[in-house]
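By written order: A, B and C. Residues from 1 in each chain.
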Amino acid sequence: MARKINDVQLLQLLEAAIFAADKPLSRTELQATVLDDFAVSSRKLTQILQQLQQDYSARGIQLLETASGYRFHTRPEFSDALAKLWPERSPRYSRAVLETLVLIAYRQPITRGEIEEVRGVSVSTQIIRTLTERGWVKVVGYKEVPGRPGLYATTAAFLDYFGLPHLTALPPLTEFQAILSENVEQHVSTVEMTGELH
Amino acid sequence: MARKINDVQLLQLLEAAIFAADKPLSRTELQATVLDDFAVSSRKLTQILQQLQQDYSARGIQLLETASGYRFHTRPEFSDALAKLWPERSPRYSRAVLETLVLIAYRQPITRGEIEEVRGVSVSTQIIRTLTERGWVKVVGYKEVPGRPGLYATTAAFLDYFGLPHLTALPPLTEFQAILSENVEQHVSTVEMTGELH
Amino acid sequence: MTEPVASLTIQHPLPLAFVRGEAVLDRPEDLYIPPDALEILLDAFEGPLDFLLYLIRRHKFDLVDLPVNEITLQYMEYINLMQELNFELAAEYLVMAAMLAEIKSRLLLPQLSSADAEELDPRAELVRRLQEYEVFKQAATDLDALPRQERDFFPAKASLADNFSPLLIFPEVEFDELIAALKDIVKRANALQHHHIKREHLSTRERMSRILDLLQQRQGYLEFAECFELSEGREGVVVSFLAILELTKEKLVELTQVAPYAQIHVKLAMNEA
């Protein structure tokens, strides 16, 4: 049953598992797989993972906890040099894709119609397909209005891709955030007070 | 052109490159890609790679140099634990496998040739391997006939799996018995039979 | 502004914009764009909101203090020119043009000085939308600047040790499946043996004969245990036992036992002796 494992072995095992896995590993996955034979408390696991993060703090790679779990990543400062390992360029995303993604990220769950309202243009099926095929966005429900449009939300894979642990780690919306949350009347009066009418 | 890079940065860059690459990286590849912008002597490269190997000597992974280059590998002692990250579901057993198993159970010890005689078709090596890998069947001796074929018998694991205390707990052969005993006469006296006799 | 943007061509010097009554001296460079570059310019925008924001920023207009008159004129200039040049213009651009024209016309109407008028500032909705769009436009730029996989960082992976083998999960087998397999074998064997002559193996009758023969040799008297050949195994024992029962039934032999658990004796029936 529950075999004993000392801290050094535990750290080495977790290290090997995270490096060998094809995707980020959550604590739950670690407990259910490599740690299955061992009785490792949640506190011990935290402690060892922190130790591991510490071990790599001054190395060329770092241990990050993103939305799906733990994964080692190369440090961003080496990106230019490492890009030479891959002759093909990393994918670039159009402004249309990024604006749609950002609206889904900050306003989720959101319908395509609502995205179009903010952007002032129609959102092509191609844009939505690009985002769903990347696994960044998915339909999480349907809005109870005529036509029952799909409600889009971002996924853990989206956060993983940007190395983020959760949605709140996204940069805060700048500048007009306060205004947006206020009602329009206040806003209008500001315009009236300062504005010249032409 | 040739930019400067200090030893610490060089080690971190090489570390990141070897971890990020999809395959082992040779010195030549390292020089042609990530080190392209830097003037790093062959001796310096050797020294840093050795340092890197040293750094990982007491960790869960190790830096190995194989014919095709440098690559990090998990330590062999963790393979069993890591296997749990990749469970492979084997397909269901074919009718051929089940027939072979049941013949071995009732007619043990039995040679492959004898199984073939009863089944009327050849028994592939794959079938025997499936059953031995499962630990349900093993060779218990060799028959003293030309070619000395292996005599197969079921194991305790087979009985455990089907919840049988011993072979005699197998259901009586009744109607099957006549056919089975006629096809391979010489074994009748050695088989654990509970069936009705004529 | 008495003379707003009159033309987009190079020949005419452009009037300067006024912000809160102050003249902006910077010349809006973008208005020097030659007409045939307009389409390319248009492609660079994500829609009328984006385009309007561009015009507003370029002219250093204050978004909160939006001079609708001038911005509408500017916008219409571009739209008209693009329509003249037969550029394919997304419908949204025309909707925006209509909206601007409407706002302008409402602003030209005599104003009520009541509080109602403030709330009904026709610019309010447009300004709100422009600001909202700008927030997300900026957020998109910020998101694009975030370090991301494949561009700024890469997953760090190690290969598995040579001795690695995956964990095999074996299929479940029901005992009934084994029995079904056995029945199949039998069925097939029966079909195969169609022309074979069945031959009874270790016949009970043959064993009866042998026991009788033995009794003759021993003067009609045997111990029960002597009827069995242990070397024949279980099957032999069973066949012998069946043979004795059969002989008893046919009254060819008699079984006697003097006390419980005592030795059983087999002897030839008297009438046969």
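Heads up, the rule we're going with is that a residue touches a chain if its C-beta (ideal position, glycine included) is under 8 Å from a C-beta of that chain, and two chains touch if they have at least 3 such contacts.
What you see is a predicted model; the values in this text were computed from it and never measured.
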Identifier of the chain whose CA centre is least distant from the whole-structure CA centre
C
Computed over C-alpha atoms, the centroid farthest from that of chain B is that of chain A
Where the centres are mean C-alpha positions, what is the separation of chain A from chain C, in Å?
19
Please work out the Cα centroid separation of chain B and chain C, and write it as a whole number of Å.
29
Compute the distance, rounded to whole Å, between the mean C-alpha positions of chain A and chain B.
38
Multi-chain touching residues of chain C, meaning two or more other chains, are 154-160
Where chain B touches two or more other chains, by residue:
16, 19-20, 61, 72, 74-75, 78, 82, 84
Which residues of chain C touch chain B once you look at their complex with the stated criterion?
154-171, 173, 175, 177-186, 188-190, 192-193, 196, 198-204, 232-236, 238-239, 242
Under the stated contact criterion, what part of chain A meets chain C in this complex?
16, 19-20, 61, 71-76, 79, 82-83, 90-91, 93, 95-96, 98-99, 101-103, 105-106, 118-122, 160-163, 170-171, 173-177, 179-180, 184-185, 187-192, 194-198
What does chain B use to touch chain A in their complex?
11-17, 19-21, 25, 33-37, 59-61, 72, 74-75, 78, 81-82, 84-85
Give every residue of chain C touching chain A within the complex, in rising order.
1, 20-21, 46-50, 62, 64-70, 90, 92, 96, 107, 111, 118-119, 121, 123-125, 127-129, 131-144, 146-160
